[in-house]
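One chain, chain A, links the two complexes that follow: it is found with chain B in the first and with chain C in the second.
On to the complex of A and B.
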C-alpha cells in the first residue's frame, strides 16, 4: 500500500475515524494497531524483523537505565575514588549494551540490504587474487522502511545511553515509535524524545488541525503526482536509453530528475506530515527550500534534514569525540598548525559521515561515490576557503549583494545536479558515460525544434511541469520569507479558499500521473 | 453544526464538479463504424414501451441489423443494441437492461458470440458500461465481469480512468447536455456503405462432420438469456448473420443442437435461404466479416418478414404515436444516399 493510492486514503479515513471515536486512553493503541496492520499488509512475515528491533532496543534501553540506577545506588555515600571506579564499571557495561543493540540492528540491516553487495565485491576480490571460490547471492526482500526505522532505533538507545531521554517502560510505546505507519516508507527519521510523547498523547478531533493536515497532504499529492511523476516520464526514457541521447537532452534530463526527486521526496514527506497532523502529531521537517542554499553544507541542512541531523548526532559527534580523533587533532595541530591543523580531524570525521550517507541510500558503489562526491567537494570548499576569502577581498565583491547570493545558489544547484546524475544512473560506469555525453553542442537545436517533446512526454506535459515548478518556487519563496501559507489562506474569504481547494484537488485528479493511462489506439474498434 | 454543513456543502459541490468533468472526459464513441455512445444513450431516449423488437449480439448485429428497414417494410419498431465484441455475458445484461425500459416482445439474438471464450477487450467494456445508466443491472453486470477491483472502481468513477485525456479533448467532449439519438447511429445501427467482396470463395459452410464446442460459461449465459426471456414473456429468435470469416458449419450445428434443446427458432443466414438474395460480392463491407448497408437491408428485410409472419408483431405505421419514426427513416435514407455517394467517389 503506497502512500499515493486510493487504498492509503481509505486506510487513513478508517483509522482516523476509529482514532477520534475511541476513548482517550486507548487512542495510541489504535495508532499502534493501525501501524502494524499497515506494516503487515506490506511486509507480511518480514514484520518479524521490526519486532526483533523493537524488542532489542526496548531491552537494551531498560538495561541501560538499570545500570544507571544501580550505579547511583552503589555510589551513595562512597568515596570519590570508589565512585569513579563504579562509574567506569557502569560505563563499560553501558558500552557493551549499546554495542549489542547497534550490532543486532545494524547487523540485520547489513545482512538484508548489503549482503549481496558484499558478496559481489568479495567475489571480485577473490577472482582478482585467483582464488576459485564464490560467495552465493541470496534473493532477499527488504522489510518496509528498514533503513529508516533502524536509524530511529539506534538514535533511541544512544539517546538513552547519553541520558537525553528516559527508557520507555512500555514496550508497545517503543513499538509505536518505530512503526508509526505514515513515516514508514520515506521517513522523516524521528527522535524518541520529540515523537513518542506526541504519539501517545490523546488528540481529539480539531477542525482546523485536520483541515491543515489535509491541505498539506494535497500539496504533497500535487508535487508528487503532477510534477514528479510527469517529469519522471522524460527522465526514465533518457536514463533507461542513455546511449541514444547526449548533450542538451541529458542536461534537461538531469534538471528534470532533480525536480522529480525533490517534488517526489518532499511531496511524500508532505503527505506523511499532513497525515500525521490529522492525528495531532507534528513530524520533523525534512526539507526547507534546499535550492536556496548558498553552499553544499547548507544544502544538506535543508535537504533530507532528519538524515543529516542523524548523521551529525550519531556518526560525526561520536567519531569527533573519539579517542582516535582526539589524538589525530593533537598530532595534526602539532605538524600543520593553523587552519590545516584544524581541518584534518574534521576531514577524518566527515569522511565517515559522507560514506554512511552514501551507502545508506543503497547497496551500490554509485551510492558510495555519491556520498564521497559531496565529501570531496566539501573538503575542497573547506581547504580553499581562505583562498576564496582573499580573492573576494581583492576583487571587493559584496558578499551580501543579491547577485553574489544568486551565484552561490546557482553554484550549489550545479553541484547538486552532478550528484543527482550519479544518483539516477544505473551504475557508476553509466554515470560517467552519461556525464561525458553531455559535452556536445550538436543537438542544442532540439531545445527549440520540438524534438524534446517526443521523449516520453508531450509539450503539454512540459508546460505542466514548468507551471508546477513555478508554483513550487513561489510557495518556497513565500515560505523563505517566513510567510505561513496555510495560515494566510485560512484568512482569505470563503469563495477564494474554496476555488483554491477545488483547483488543487481537480488539478491532481486530472493532471496527476496515475492509473493505466488512456491510449485511444488500445480502444479502437477490434473488428469483431 | 455549522462546520458539518460547510463540509457537506464542500463535498456536494466537489461531487458536482467531478460529475461534470466525468461527462467531459469519458470518450464519446460517435464514429460511424462503432457509434456506441449514440447507440446506447439513444436507447434510453426512446419513448417508453415503443420498441417491440430488440436486436442483440456483437458487431455483426451492430452493422447488419437495420431497424429502419423493419419499419419501412413491416412497420415493426426495433432497436439495435449489438455492440462490438459483445459476449454472451454482456448480451444477457444488455437484454436485462433493455427490458427495464421497454416492453420488448421479441429479442433477436445473434449467436456469433457463442464461440467467443476470451473476455472482451477493456475498450468494449468501457463503451458499453460508460454509456449505460446506473442501476441494479449495471452493478450486477460489473460484479459478474472478471475485472480487478481497482478497475471496477474506475467504472464507478470513470474520471480516474480517463483523466489523462486532458490533452486530446475535442469540442464534442464539452457538449455535456448533448443528446446522442440523432447521430451516427440509426436506432442503434451502424451504417457502412463500403463494398469489399468476400474473395476467398471457399465453402466455409461445407459440412465437415464436426460440431463445435460451446464453453460452459457461454452455455450458462445462453441459458440465462432463455430463462430471462421466458420469465418476461419475451419471444426469442436466434439468428446468425452472414459472416464468412468467423462462421462454420461446425458452429452452426452446435447452435442448431442447442436451439432444438431449448425449442427456439434459429435462422442461419450463412446457408442459402430463398428470398434472402444475399450476395458476397456486393453485401459485405470488409471482405466477409461485416455487412454493409445493402447486406444489412437484405438480412433485415428477411428477418422482418419472419417476425411479421411467425411472431405476429404489430404494424405501427398508421399509429400517430410513432410519427417520429418517419423522421428517423428520412434521416436514414438521406445519410444512406450520402454514404453511398461518398463510397462511389472513393
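On to the complex of A and C.
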C-alpha cells in the first residue's frame, strides 16, 4: 500500500476516525496497531525483522539504564579514585551493550541489503587471485523502511548511552517509535526524545490542525503526481536508452531528474508530515529550500536534513572525538599548524560520513562514488577557502550582493546536478558514459525544433512541469522570507479558500500521472 | 575563563565569544569549529570531552563551555 493511493487515503480516514473516538488512554495503542497492520500488509513475514530490532534495542536500553543505576549506588560514599574505577567499569559494560545493539541491527541490514554486493566483490577478488570459489547470491527482499528504522533504532540506544534520553520502560512504546506508519516509507528519521512523547500523548480532534495536515498532504500529492511523475516520463526514456541520446537532451534529462527527485522526495515527506499532523504529531522537517544554498555543506543541511543530522551525531562526532582522531588533530596541528592542521582531522572524519551517506542509499559502487563525489568537492572547497577569500578581497567582491548570492546558488546547483547524474545512472560506468555524451553541441537546436517533446512527454507536459516548478519556486521564496503560507491562506475569505482547495484537488486529479490501478508510481527514496 | 577565551579566540578568531550566547543556534560555530574547539580545550585543560557532551546547550556560549570544562575537571 503506497502512500499515494486511494487505499492509503481510506486507511488514514479509518485510523483517524478510530483514533479520535477512542478514550485518551488507548489512543497511542490505536496508532501502534494501525502501524503494525500497515507494516504487515506491506512486508508480511518480514515484519519479524522489525520485531527483532524493537526487542533488541528495548533490552539494550534497559540494560544501559541498569548499569547506570548500579554504578551510582556503588559509587555512593566512595573515594574519588574508586569512583573513577567503578565508572570506567560501567563504561566498558555500556560500550559492550551498544556494540551488541549495533552489531545486531547493522548486521540485519547488511545481511538483507548488502549481501549480494559483498558476495559480488568478494567473488571478483577471489577471481583475481585465481581461487576457484564463488559465494552464492540470494534474492533480495527488503522489509519496508529498514534503512530508516535501523538508523532510528541506533540513535535511540546511543542517546540512552549518552544520557540524552531515558530508557523507555514500555516495549510497546518503543515499538511505536520504530513503526509509526506514515514515516515507514521514506522517513524523516526521528529521534526518540522528540517523537516518542508526541506519539504517546493523546491528541483530540482539532479542526485547524487537521485542516493544515490535509493541506500539506495535498501539496505533497501535487508535487509528487503532477510534477515528479510527469518529469519522470522524460527522465526514464533518456536514462533507460542513454546510448541514443547526447548533448542538450541529456542536460535536460539531468535537470528534470533533479526536479523529479526533489518533488518526489519532498512531496512524500509533505504527505507524511501532513498525515502525522492530523494525529497531532509534528515530524522533523527534512527539506528547507535546498536550492537556495550557497555551498554544498549548506545544501546538505537543507536536503534530507534528518539523514545529515544523523550522520553528524552518530558518525562525524564519534569519529572526530575518538582517541585516534584526537591524536591525529594534535599531530597535524604540530606538523602543519594553522588552517591545514585543522583540515586533516576534518578530512578523516568526513570521509566516513560521506562513505556511509553513499552506501546507505544502496548496495552499489555508484552510490559509494556518489558519496565520495560530495566528499571530494567538500574537501576541495575547504582546502581552497583561504584562497577564495583572498581572491574575493582583491577583487573587492561584495559577498552579500544579490549577484554573488545568485552565482553561489547556481554553482551549488551545478554540483548537485552532477551528483544526480551519478545517482540516476544504472551503474557507475553508465554515469561516466552519459557524462561524456553531454559534450556534443551539435544538437542544441533540439531545444527549439520540437524534438524535445517527442521524448517520453509532450509539449503540454513540459508546460505543466514548468508551471509546477514556478509554483514550487514561488512557494519556496515565500517560505524563505519566513511567510507561513497555510496560515496566510486560512486568513483569506471562505470563497477564495475553497476555490483554491478545489483547484488543487482537480489539478491533481486531472494532471496527476497514474500507474497501474490508479496508484501513483512508487517513490524514489522508498527503495532505500 | 580568560584561559578558555584565549583558546576559543585562537581557534575561531573574529567571533564575539564574550557576548554571544547562541553560537550553535545561530550557526556561528559549525561542526568543524566544534571539533577544533574540543581538541584545543582537551589539550589545554587536560580533560576528555566526548561525543556525548556534544549538545548545543554545552557550546552555545563561553559560560556553558566553561561549565562543561569545570564539570569534567571535577570528574
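In the analysis below, the second predicted complex is superposed on the first by the 514 of 528 C-alpha atoms of A that agree within 3 Å, B and C clash if a C-alpha of one lies under 4 Å from a C-alpha of the other, contacts with A are read in each partner's own complex, and residues count from 1 in each chain.
Definition applied: a contact is a pair of C-beta atoms (placed from the backbone, for glycine too) under 8 Å apart; a residue touches a chain by one contact, two chains touch by 3 or more.
None of these values were measured; they are calculated from a predicted model.
Once chain A of one complex is fitted onto chain A of the other, the partner contacts of A:482 are absent, as it touches neither chain B nor chain C.
By the touch criterion defined above, A:510 lies against chain B but remains apart from chain C after alignment on the C-alpha atoms of chain A.
Applying the stated contact rule after C-alpha superposition, one finds that A:498 touches chain B and leaves chain C untouched.
By the touch criterion defined above, A:458 lies against chain B but remains apart from chain C after alignment on the C-alpha atoms of chain A.
Contacts of A:77 after superposition: neither chain B nor chain C is touched.
In the superposed pair of complexes, A:23 makes contact with neither chain B nor chain C.
In the superposition on chain A, A:346 makes contact with chain C only, while chain B stays out of contact range.
Within chain A, no residue touches chain B in one complex and chain C in the other. The part of chain C that touches chain A in the complex is made up of residues 11, 30-32, 34-36, 38-39, 42-43, 49-52, 54-55, 75. Listed in rising order, the residues of chain A touching chain B in the complex are 6, 207, 458, 460-461, 498, 501-502, 505-506, 509-518, 520, 522-528.
Residue ranges on chain A touching chain C, taken from their complex, read 84, 87, 161-164, 297, 312-313, 316-318, 320-321, 326, 329-330, 333, 342, 345-346, 349, 382.
Those residues of chain B that touch chain A in the shared complex are 3, 10, 13-14, 17-18, 21, 25, 27, 31, 33-34, 58-59, 84-85, 116, 121-124, 126-127, 150, 153-154, 159-168, 246, 286, 289.
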